[in-house]
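For clarity, chains are labelled A, B and C in written order, and residue numbers in each chain start from 1.
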Amino acid sequence: MASVTKERVLFVIFGVPMVTCLLVFFWIVFVLSTGIGTLRWDLLTTSVLQGGIFEMIIGTVYLLLGAAGIAGPVGVLAAVYLVEYAPRGKFTRIIDQAINNLAGVPSIVIGLFGYTFFCRQLGLGISLAAGWLTLTLMMLPIVIRGTEEAIKLVPASFKEAALALGTTKWKATSSMTISSAAPGIITSIMLGVARVAGETAAILFTSCVLVTRGLPKSPFEPVMALAYNLFVKIVALGESPDEVFGIALVLFFIVAFFATAAISLRIHYRRRQPWLR
Amino acid sequence: MAEVDIRKLNTWFKDNHVLKDLSLTIKENAVTAVMGPSGCGKTTLIRAINRMNEIISGSRTTGEVYINGINIYDENTNVYELRRKVGMVFQRPNPFPKSVFENVAFGPKIHKMANGKEIDKIVERSLKEAALWEEIKDRLNDSAFSLSGGQQQRLCIARALAVEPEVVLMDEPCSALDPTATTKIEALIREIGEKYTVIIVTHNLQQAARVSDFTAFLYVGKLVEYGDTKSVFENPKSELTEKYITGEFG
Amino acid sequence: MSRIIDVGLEELTAMLHRMGELTYDAISVSINGCLHNTNVYTRVHEMSDMLVSMADDVEDKVFELIARFQPVASDLRTIKSYMKIAYDFARYGRYALDISYINERLGGLKECEEWILKYIDEMSEKVLSMVRTSIYSLRSHNTELAKTVSKTEQEVDEMYFEFLDRLIEKAHIASKCTISSVLIIRYLERIADHAAYICESVIYLATGQKIILR
């Protein structure tokens, strides 16, 4: 086959899936937009007890912030350990594999584990805290892997130069590697959040209830969440999908917000990392 | 200014015996060039003087290196203080991803050598010593990456000088630079050689001849010849040296 | 493996060999002209001019090699020596010219006594052999041969002073012969000196040692 023709054929072969994805994306947006009608500003700010969805939104936000607050530091430190300090050997390979496996565990299983361990064993009951811990388990692989990649992209020369000046290994790592990798780290945390924002199964039995009286006052109280409510309304209460589309749309926007923010941050900080070009 | 006395230095990287029983006394306040074909151990040798080989896993070193009479391989040695006293400039300029000022101030801050206005003075002194002050005194807060290659390397030299070292190690400092920048740095090396003990690794024979007072020739991990540069280049004692510098191999 | 500087070094060596041959001719022609009273002045003049020009060329070539190739060690000693030797060869030519000028201007040795002619003949034999030694030791970088020049140089020195003594003793008036012969013997002695210089340069080139053979 002449190479010009071959190029054209390949272009089509690669182009078709991309176009298909775009089409699917727009179709999803279209379908969701039929729910725009049910969205009103007062709906978002009114308490559930009066027909709004305020507590659901805030509940989701609480869950996400808390999970990020735990998964962030833990994930970053774990990644730093794996890249900088872990000795090459069987033990490290096992840890590596375990992280990969964790990423592949179905969310319902994680939810069940969370319920058994965090809610029952540790006595947290159905609470925000249990939700945080369970969501952390889902976020960790993303944060760890993302941080590892970000750290590996930082040129070793910075750390080497710092060490040659007489810094300790930790100071060299923290002042050079971590701070240079910061944009990548934040991006991976945001991606982790985007991943778990719509998680239903994990929070199903660990932290959510259908209705709470106001916002939870401590982490040990249960919480309302958009995804949970969506699920329950359709499956358990048999409400028509049209009515809950508004909720779905809000959830969609939250996830889209985090994903977009992650990408924008990454683009913005690329400028300050000339070694990546 | 310190004399570096290397005695029976051996270094292995896993099973690879890189430095073999190397003994050498580097004169203080002079520029000593270390030359030899690729793989002869010259970089390993200078990295043994600030114990940077230890960072590489699988490395092992025996022997002694005395700086001003103290063995730096003694188990009581404070490696961090050693690395302050023995500075290093690398092959590719590697400034920190910070401003010019922060780059030079990094070392003194880590070693708690000064604070506040004192740091400003140290930064100015170091940049002047590295012949960079005039060019960037108005750009101290610019990112280090906005400087040219030659300026970045001089910045790295200033950074090393900021902590008041006694020995300055340079690993092929000009090999990533264009001829104009190289000329400036060579002149700078000769200048700082009057105040510090400078050891420079180079694969450029003419550079070794231009820049150094003493020259050591290494071959496959062993010291073949060491003497004042004029004698080594005009009338080398060893035939191996002669063959290397006249270009018959290497 | 041939190096980039080798071509230049070979050219330089060839230039010196040509100079060596030419300078030997100049000296022997000039001395023979002296002893047999033939007029060789113009011819020797040409040869001497050519030697001066060749010495300039050698100097240019040496500096070209230095600027372009930064030679070191044996290469550096070689071209340093070549430059000196080229100058010495040009000096040979100059003395040959001076000798033949004596012949031209003062009429040479035809009025001289037998003993003077014999002396000059013997001394010029020795000097020519020294010149040959200098040229051959250069060609082969033969230090042993170069060292032999030392003995002959001493002999020439002795003969020089002996001649002056005898001349003072025997000749009481300054005649054409006296003046001619003194000048010629003097030039011969200088040629011998330069032969020794050349051999010293050969030893330096080969071994890096600076030895005095005079």
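In the analysis below, a residue touches a chain if its C-beta (ideal position, glycine included) is under 8 Å from a C-beta of that chain, and two chains touch if they have at least 3 such contacts.
Treat the numbers as computed from the prediction; the structure is a model and nothing was measured.
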Check your understanding: When you draw the chains as points and link the ones that touch, which shape shows up: line, ring, star, complete, or other?
Key -> line
Practice item. Check B-C against A-B and say which one is joined by more contacting C-beta pairs. Key: A-B
Practice item. List the centre-to-centre spacing of chain A and chain C in whole Å, with centres computed as mean CA coordinates. Key: 94
Exercise for review: Take the average of all CA coordinates in chain B, do the same for chain C, and state the distance between these two points in whole angstrom.
Suggested key: 52
Review point. For chain A and chain B, what's the span in angstrom between their mean Cα positions?
Key: 47
**Study point:** chain B residues touching chain C - in the complex, by the definition given at the top
**Key:** 205-206, 209, 233-236, 241-242, 245-249
Point to revise | Partner chain B, residues of chain A touching it in the complex | key: 88, 155, 157-158, 160-168, 171, 175-176, 180, 272-275
**Study point:** In the complex, chain B residues that touch chain A
**Key:** 50, 52, 55, 57, 79-84, 87-88, 90, 92, 94-97, 106-107, 110-111, 143, 145, 156, 159-160, 163
Revision key, fill the gap. Per the touch rule above, chain C residues touching chain B in the complex are 1, 3-5, 70-77, 208
